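There are structures below to look over.
The two complexes that follow have subunit A in common; it is paired with subunit B in the first and with subunit C in the second.
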Partner chain A sequence: MRVEVRFSGFGGQGIVTAGIILGRAASIYQGLHAVQTQSYGPEARGGASRSEVVISDSEILYPKVTKPDVFVVMSGEAMQKYIRDVGRGCTVIYDSSLIKTPPERGRAYPVPATMLAKRELGRTIVANIIMLGALSAITGIVDGEALERAVLDTVPKGTEELNLRALRLGLQSTWQEAKV
Partner chain B sequence: MRVEVRFSGFGGQGIVTAGIILGRAASIYQGLHAVQTQSYGPEARGGASRSEVVISDSEILYPKVTKPDVFVVMSGEAMQKYIRDVGRGCTVIYDSSLIKTPPERGRAYPVPATMLAKRELGRTIVANIIMLGALSAITGIVDGEALERAVLDTVPKGTEELNLRALRLGLQSTWQEAKV
Partner chain C sequence: MSHLTGVRFLQGNIACAEGAIAAGCRFFAGYPITPSTEVAEWLAKRMPEVGGVFIQMEDEIASVSAIVGARWAGRKAMTATSGPGFSLMMETVGYAAMTETPIVIVDVQRGGPSTGQPTLPATGDVLQARFGSHGDYSIIALSPNSVQEMFDLTVEAFNLSERYRVPVMLMADEIVGHMREKVVLPEEVETFTAPLSRRGSKYHFRPAKGSLVPRMQVFGRGYGVHVTGLTHDERGYPATADPVIHTKLVRRLVDKIEKNAGRIIKVEEHLTEDAEVVLVSYGAPSRSALAAVRELRAGGIKAGMLRLITLFPFPCRRVKELAEQAELVVLEMNLGQMLREVERCARRQVHFLPKIGGELHTPEEVVRFVKKL
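So, the complex of A and B:
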């Protein structure tokens, strides 16, 4: 078993944090192997952000993501940049409050995370955590309890309750594949 | 040019954050390529924490650290675990308030980061940032200004001033190689 997950969006959306939480949930709380990577090139200055996690039941010798199985995307720019790596079987979970057109490749799930974060919690900053909950609900790669524990390990002190509420928003909703 | 940096310590010391800040400083603020990695195996449950950064002036095809050029270590357990990867030319920067014996391999620089963080700033949580400042002062891989900007990008809101003070503590001191 090897699952490749890519998160992408713009700086300030917590793309790196989402990757770290998923890596921790899979490894520390579900006993799997995980490698979590950020790659920065000269283009990093542009404000795009990318974070990758490879999860496996055995040791991971090649930590790079080449053909993601799951692509979580939170900006139109990131969608444009990485859609070429999306194959037919890839699950694309996209923030539909920021990206209006479903991607033409992969199995696309719209999740209006930024809108939900704002409307339900008053803080757009936790949209990334809603996306993590949705990832669990849609793909089943990690379970909600493992994510919850990894969220508590990772987020700044004093923001635990806000982040757990965001996670549950993502976990509880019944996400549907977009009809393209 | 390729520089491999490994950070290690125990959970809660901000080992992952240190790696992220170094990766951002090198890439976004110094125009280099950087890949920042966390690998978790079943042993991750034990509370040990490891984070790696590869920095290069060209694209990084192999992101794993095999022979670190710089090893920043903040617990005796981590020292024991990774000292076998340290070669003669490796710079070992160790928290001498937590690790009493200098390592017998590499060029060892004691930095009493946890003690300094507590005494000067009243918060041991920023010992990792002092270590980053010391890394810059000792190795010159990244400059202080790039680190400062990356710290501001990364740390939680409201903790910026505390973290900058920690960084400057690490940058300003004149660290000396330990005599083994």
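So, the complex of A and C:
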């Protein structure tokens, strides 16, 4: 089993952090192998950001994503840029508060993460964590408990409660495939 | 408080920084440059925690000079950079070789020449690591291909630098530097420190009988220690016009590495025993090479892999043996650098699959290339 996950959005949304948390959850807390890589432009904020995680039950040699099985996408620009890599079997989880039209390819799940983060938690910064929860709920690649422990290992001190609430928001909802 | 231990999900650059701490490094001087910056960033926080010193210098020339000075003051020392900074360091690499100063230089390689592709991988600096400074000398260069090896080979780099009193280059690339993987960091690692010269000795550049590596002395312990890049006698004093002294010194600087090559060199081999085609690679592309070997074997092609963990000294004898038995295919992220070494030792035609532009070879393209041979 080899699952390739790509996260993309703009700089500052926590795209790289989401990849790190997923990789940590899979490799440290779920007994799987994981490799996380990232690519970014020279900008510190704004610009495109991409983070990739390969998860496998055996040793991972080639560390990059070529044909994503799961695409978590948090900006229209990123959707446009990477939609060509989305195959029929790819699960696309997109922030529907930022991307209004569902993608034409793959199995698309709208998750209004930025809106939910603002409305339920008062902080848009944790939208990435809601997306991670939704990824677990939709794909089952890693379970909620492993993600919870990885979130606690990764997020800054003092923000644990906020991030755990965001994770549960993503985990506990029943996400439905978009009707195209 | 010492280095991080246990099972962790870490970035390669951070694993390298922790490996330095584990090896006893207590001085880091550097100038930030993508994709190596995390090494410096991490050590800026960690050095003070372990009783060490972190200093951000004005440039890479100053950085490598500072670590040479630190080692002569008795601290194990490291710097980290990428292509443009590595170029700037070259004069002092020769100085460190001439003065037999144990230092570790980490080069997290990116696309060149010049400022090139700051955020993308390449291995275009590997010959510079060996030949970048002027004059005759030898160094040791290592090539990690995983986050675990960013830790392990950093430790190894320090130990080799101390054992042979020589600069050691850790030739990483953007992929292994920025990648995160699970690592297991041991509580204790084996470390080696260059032994100090005997009490009362004035000969800090004279090896004992049967050895090519002299004991070293450091400043501030009551010894008259003279360190110069000029050709020097066994006390370290300049003797610049004597052909015999120069020849003896420079030959020894080369011999202490080349004659110990058998002890220094590490390679990893997979399925080479009966291989009819052997993929020769190092760094990140070696991961694709191994994946390709497995796929080729599954398809009935007798493929094997030789991975260079030590780039220099170069494993010439092993390459020659394999060239007598199999077709060789070199994979690297440049237009043919280690290829020259492989060809020199193989003494026959070698196939070549280069990749530049910032992308890693995919296993599929390696498989396709081999099938077309």
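The rule is short, and it goes like this: the second predicted complex is superposed on the first by the 173 of 180 C-alpha atoms of A that agree within 3 Å, B and C clash if a C-alpha of one lies under 4 Å from a C-alpha of the other, contacts with A are read in each partner's own complex, and residues count from 1 in each chain.
What we mean here is this: a contact is a pair of C-beta atoms (placed from the backbone, for glycine too) under 8 Å apart; a residue touches a chain by one contact, two chains touch by 3 or more.
This one's a predicted model, so the numbers in the text were calculated from it and none came from an experiment.
Regarding the shared-chain residue A:R105, is it in contact with subunit B (first), subunit C (second), both, or neither?
After superposing on A, A:R105 lies clear of both subunit B and subunit C.
Quick one: name whichever of subunit B and subunit C touches more residues of subunit A.
Touched residues of subunit A are more numerous for B.
For A:K64, is the partner it touches subunit B (first), subunit C (second), both, or none of the two (neither)?
both
Given the touch rule stated above, what does A:P156 touch, subunit B (first), subunit C (second), both, or neither?
Only subunit B; A:P156 stays clear of subunit C.
So, does A:G31 touch the first partner subunit B, the second partner subunit C, both, or neither?
Touch status of A:G31: first partner only.
Answer with first, second, both or neither: which of subunit B and subunit C does A:K81 touch in the superposed model?
In the superposition, A:K81 touches no partner, neither subunit B nor subunit C.
Do subunit B and subunit C touch any of the same residues on subunit A, and if so, which?
Comparing the two interfaces on subunit A, one with subunit B and one with subunit C, the shared residues are 20, 23-24, 27-28, 33-42, 60, 63-64.
Any idea which subunit B residues touch subunit A in the complex?
Subunit B reaches subunit A through residues 11, 16, 20, 23-24, 26-28, 31, 33-42, 44-45, 59-60, 63-64, 153, 156, 159.
So in the complex, which bits of subunit A are touching subunit C?
Counting only subunit A, the residues touching subunit C are 20, 23-24, 27-28, 33-42, 60-64, 66, 150.
Along subunit C, where are the residues that touch subunit A in the complex?
Against subunit A, the touching part of subunit C is residues 7-9, 118-120, 175, 178-182, 284, 287-288, 290-291, 360, 362-363.
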